[in-house]
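Chain nomenclature is as follows: A, B, C and D, assigned in order of appearance, with residue numbering initiated at 1 for each chain independently.
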Amino acid sequence: MPILDHLWIIPLLPLLGSAINGLLGGKWPNTIVNTVALGATGLSFLCALEAVREFLTLSSDKLPFPPQHYFDWIVAGSFRAGFDLEIDQLTVVMLMVVTGVGFLIHIYSTGYMAHESGYYRFFSYLNLFMFFMLVLVMAANYVLLFVGWEGVGLCSYLLIGFYFLKKSASDAGKKAFIVNRIGDFGFMLGMFLLFRTFHTLDFTTLFAAASNPAWGHEAWGQFGTFTIACLLLFMGATGKSAQLPLYVWLPDAMEGPTPVSALIHAATMVTAGVYVVARSHILFVHSETAMVVVAVVGCATAFFAATIGLVQTDIKRVLAYSTVSQLGYMFLACGVGAFSAGIFHLMTHAFFKALLFLAAGSVIHAIGGEQDMRKMGGLSTKIKYTFRTMFIATLAIAGIPPLAGFFSKDAILFSAFQIEGGHPLYAIGLLTALLTSFYMFRLIYLTFYGQPRYDEHHVHVHESPWSMLGPLVTLAVLSVIGGWIAAPALWGGPDYFASFLAPVLTSPQGAEAVNEAAAHQLEIILAIVAVASALLGWGVAYWLYIRQPAKPEQMAKSMRPVYNTLLNKYYVDEFYAAVIIKPLMWISTNVLWKFVDVAAIDGTVNGIASGATSIGDTVRHTQSGNTRSYAVWVVIGALVVIAVIFFWPAARPVVGMVR
Amino acid sequence: MTPQLAIFFVLAALAVLGALNLIIQRHPIHSALSLIVVMIALAGLYLLMGSEFVAAVQIIVYGGAIMVLFVFVIMLLNAGVEERTNVSKLAGVAGIPLAVALLGFLAAAIARSNESAQAGVEAGTLANTKEISTMLFKDFVYPFELTSFLILVAILGAIVLAQREKS
Amino acid sequence: MVPTSYYLILSAVLFGLGVVAFVFKRNVITIFMSIELMLNAVNLAFVAFSQARHQSDGQVFVLFVIVVAAAEAAVGLGIIILMARNRQSLNVERVDFLKL
Amino acid sequence: MISFLNANATIIIYLVKIALLLFIVLTVNAYLTWFERKVVAHMQSRWGPHRVGPHGLLQPLADGAKFLLKEDPTPAGVDKFTYFLAPLMALALALTSIAIIPFGPEPLHILGRDITLGIADLNIGILALFAITALSVYGVALAGWSSNSKYPLLGGLRSSAQMVSYELSLTMSVVGVLLLAGSFNLRDIINAQAHHPERGIFGWNVWPQILGFFCFFVAAVAETNRVPFDLPEAESELVAGFHTEYASFKFAMFFIAEYTSMITVSCLCTIMFFGGWLSPFPASWTFTHYLPSVILLPFGLWVIWDGIRYETIFGRLVLPGIGTVLTVIGIALAVPQLQFVNEFVQGPFWLLGKIFVFLFVYVWMRGTLPRFRYDQLMSFGWKLLLPVSIANVVITAFAILMWGAR
């Protein structure tokens, strides 16, 4: 089994592509850059496929497949972090999503970025991102995972600020980077705590140690090691996956090119948080508090972002907020212990949200870079393929059966309903689903229906090239059939997805409870309710934006404060600015700069310098330049050495005289 | 008073006188000549101790190459009698006592060391050339290579130093 | 049958004379020669020890010293030639500017 | 008296040997000058010396007398000590180097004592020779410097530079031989070439060491400041080079020193590359042992006949006397009763023969070759000779590693 023994090939190929393009690509024409970038990604996709095939055909006695150790990276005392890659069911899913969607988006980018400057740079970053993401999902210990974690953060920063001449873009990049650092700080603390507790950061050993029943279950409100570690890890997750309170960077990240938004800020990177939580579920299930916190935060984020999404006018921002809220769904799933459901939603969401972004990119591309939905409309006839694919994606995200979104979201809501005290979560989740379908259809209607609101003389609408449409179609198909693997679960059959992930995500609570006859009726009912809410949202959207297009403005006027609050995203940015940034600025100006730097550090340095000068002035005179005097000094030195050796035997080893 | 001892004393006297002459003479050529005398005397002592190879090398390299270089340079620069300037007070004052002190220390160290208690050196006990060569090319091969490199560097340095700037 | 200490004392005396020359000669070439003298004294001690202890490595070391002396002579004489060229003097006390 | 002799026999023997050798060498030197002049003259189709005595045979004596009797001025402003030291050094070193040469294989038995041919038989023989050669630079250099005059100074500078440069290749080119012999001792080197008696001439070192031989010979010629490397005393440029300011016997010292070193070099060439005292014929050809008598007999007869033609005392008496002596020796070597003498003579005979050949080559070169230019000399020495000799060392070492010393 060649690839399984050489897992390193999969991440290394994109790195190579990135290096080649980044170092040499500057002078090359786009076609060569394409060949390199697509070649690298496509090859690694094929390798991933092969690896998955080999892994699935692995005889059961070989399972679980042991981590592949390639070289020791850090070795310090008892601490050991190797470059170890592993592959298991969870990794398989992530691998497929990352390489597959990544490859499609690469193809799409060749069309979308065709006319941009810095083409090679873009693809170099993109490949680099692929590399780090693959490292992240294949890492066999927290340290290597953190490498990928930071690497994708870096790439996201680079790509958000791709148009670095645009101030807003570079600011957005910095914002993303800084906010992520806050989360990473927690993540690192969590790692430290874990290492201190288990003396290792390798997944297999660590989880084996953690699943030892000797570690008791930490009840609600009890802050043991697990709770704190999990909360810290989750802090990192909130940063990376844009959950409350650290979600603020994601909407601004839309400054980057659309394929980036699709790949990094919808499909792959932002789901890393979910992946980490799922990966370390064994730690989480130990702690009631952590689970509850995850669930509540996820739920709150989902609802919160959805409400903001209601009123946004920038098409990509709407999608961004919907991403945030969908991520919230995933965390909700994890929080209620349905990790497989969370991962499932992660996968389906990757499909349709990537599709949405790409389609939105296609729309923007079509009408010449305009992103404001108020300046669109009536595009459905002009760009048919884009419209159809985007509509499919909307159906999927809204949770209309039998598309992917329906199954995953239903599974989440169901398992949220299952756990005790989960009903409020379920209720909010349901409401969010309603809102989701509303603002998604609002987006559709504003964009594709009604009268064209753009200047038809200047803007000449044109369908995108097939290099862009191809991925759209592929993703559309995926977002249709992507969820069917879980379909049997709905008709009471086994949940194939859960059972596939079962070897990894065996958690004492949650998903197992599903397969019970009693629960089955309930699931049907809940599904119907969910679909009903989705349809309701769709209806409202239709009524508001097709029947009386004037209505929304009146509503906005009638409840101005609410509208403004939503429009300004609850003034969260302003709040942060006031509470955190201003004080920080003040401290750094008045304390760090004026006092510490100027007074203390510079003072010391200058003092040393002047001291050296004065000493030199006095000592200078010994340097007469007369060789004979120097000779005398040499002799004196020799005398001193000999005298020491002679009178002070203890010093002989020091002087080097062994006897 | 065995013949060896006699030879030793003769050669030692020769060496010391040569060294003294090196100091007394005021013309570098004469100093060089007296230094050559010292070296030849030392070579004789080596022979007396039975290490012929070192003796030969001493004469060939020191006497035949290094000192020739010195003489050559003196002739090239046409160096005259050295002038007795006394700019350095320190050397004038502290020189002699320091040298005496150094000598005293060394003598005391020798007197105290248990080596001198040993019987001593009878000629030709060992150190036939073969042994030296095996040691040089087996145990000390890396230092040996290093010295070859050192010589290369020295040659380059000398060339760079002595060549006139092409102007 | 010569006691080792004789050789050692002789080498010590030579070394001391070398030091004296080192301090008292003004001609840079002579100073150089005095350094060679000291090296020779050390060599003598080396050979004496190696013969007294019946170990050849002392003599090997002497060979190394000679090689180093040769290299040093090459470079040093180059410097001396340069000095004579730039200063028209070989007296070290006339060359104390610490700069060219 | 006898007891005294017995007591210090060794010392006395040594002294005698030294005196003898000195005498021989000096005489040979004297007649070498005669030989050289004759040969060169004939090469230039002249008669050469032929006034003083038959064939000018007494010319060397006349020259010696001239050297001794001439006035010996000391130029003004010379550095006295060095000025006197230089020729002494040159001569002393040149003569010392002869002492290491062995002249015959087995010792002479006289009064129950073994007297080896050759004075000092050191086991670092060749190294000692090189040491002495190395020191012999000083004679020339100091002479040039001390005589406080331009041309000598230039000559001295040149010679010291030249000697130091060529000493390297001289030493390197011998290493091959030393590797083959595995010893510094000259006797061992010769015996190493006698390893295959049946091969005769083909057992000598020249064949494996042809490269080394050429390097050695060239370097040696340069060491001895002979044509074509006689730049230190290039008459046409430097008047007479380093010994311009020297007159009468001091000059003679340099002269003798030069010729002595010629002899030494010839000895070295013979010993190290041409099998020393080994006969060029396979050991089985015993009849070749009569070669000495075969040569001596007719030569002696010719000398007698030649002497008769002169009417001078010298011609009438001395030459026939020498002739008869030679003839007698030739006959004596031939008679079976004195076989052991013949056997004993073989070694020295071949050795001297070869040495003679080399001396002739020296003279021959002087008669034919032009002089190098200084820069040519240096570049030749450093850029050609040294690399070649080093390459020779490497090749030899490799060969020995592959196929062993023999």
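Note that a contact is a pair of C-beta atoms (placed from the backbone, for glycine too) under 8 Å apart; a residue touches a chain by one contact, two chains touch by 3 or more.
Not measured: the values here are computed from a predicted model.
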item: Pair sharing more residue contacts (C-beta pairs) when A-C is set against B-C; value: B-C
item: Whole-Å gap between the CA centroids of chain C and chain D; value: 37
item: For chain A paired with chain D, centre-to-centre distance based on mean C-alpha positions, whole Å; value: 94
item: Gap in Å, rounded to a whole number, between the CA centres of chain C and chain A; value: 72
item: Geometric centre distance via CA averages, chain C-chain B, whole Å; value: 6
item: Of all residues in chain D, the ones touching two or more other chains; value: none
item: Residues of chain C whose C-beta touches two or more other chains; value: 19, 23-24, 26, 93, 96
item: Residues of chain A whose C-beta touches two or more other chains; value: 624, 626, 628, 631-632, 635
item: All chain pairs that touch each other; value: A-B, A-C, B-C, B-D
item: Of all residues in chain D, those that touch chain B in their complex; value: 79, 81-82, 85, 122-124, 127-128, 130-131, 133-135, 137-138, 141-142, 144-146, 153, 156-157, 160-161, 163-164, 167, 171, 184
item: Residues of chain B that touch chain D when the two form their complex; value: 27, 29-30, 33, 36, 40, 43, 52-53, 55-57, 59-60, 63-65, 68-69, 71-72, 74-76, 128-129
item: Chain B to chain A touching residues, read off their complex; value: 87-88, 90-91, 94-95, 98-99, 101-102, 105-106, 108-109
item: List of chain C residues in touch with chain B within their complex; value: 1-10, 12-21, 23-27, 29-30, 32-34, 36-37, 40, 43-44, 47-52, 54, 56-57, 59-60, 62-64, 66-75, 77-82, 84, 90-91, 93-94, 96
item: Interfacial residue positions of chain B with respect to chain C in the complex; value: 2, 4-5, 8, 12, 15-16, 19-20, 22-23, 28, 31-32, 35, 38-39, 42, 45-46, 48-51, 53-54, 57-58, 61-62, 65-66, 69-70, 73-74, 76-77, 79, 82-88, 91, 95-96, 98-100, 102-103, 106-107, 110-111, 113, 115-116, 118-122, 125-127, 131-132, 135-136, 139-140, 143, 147, 150-151, 153-155, 157-162
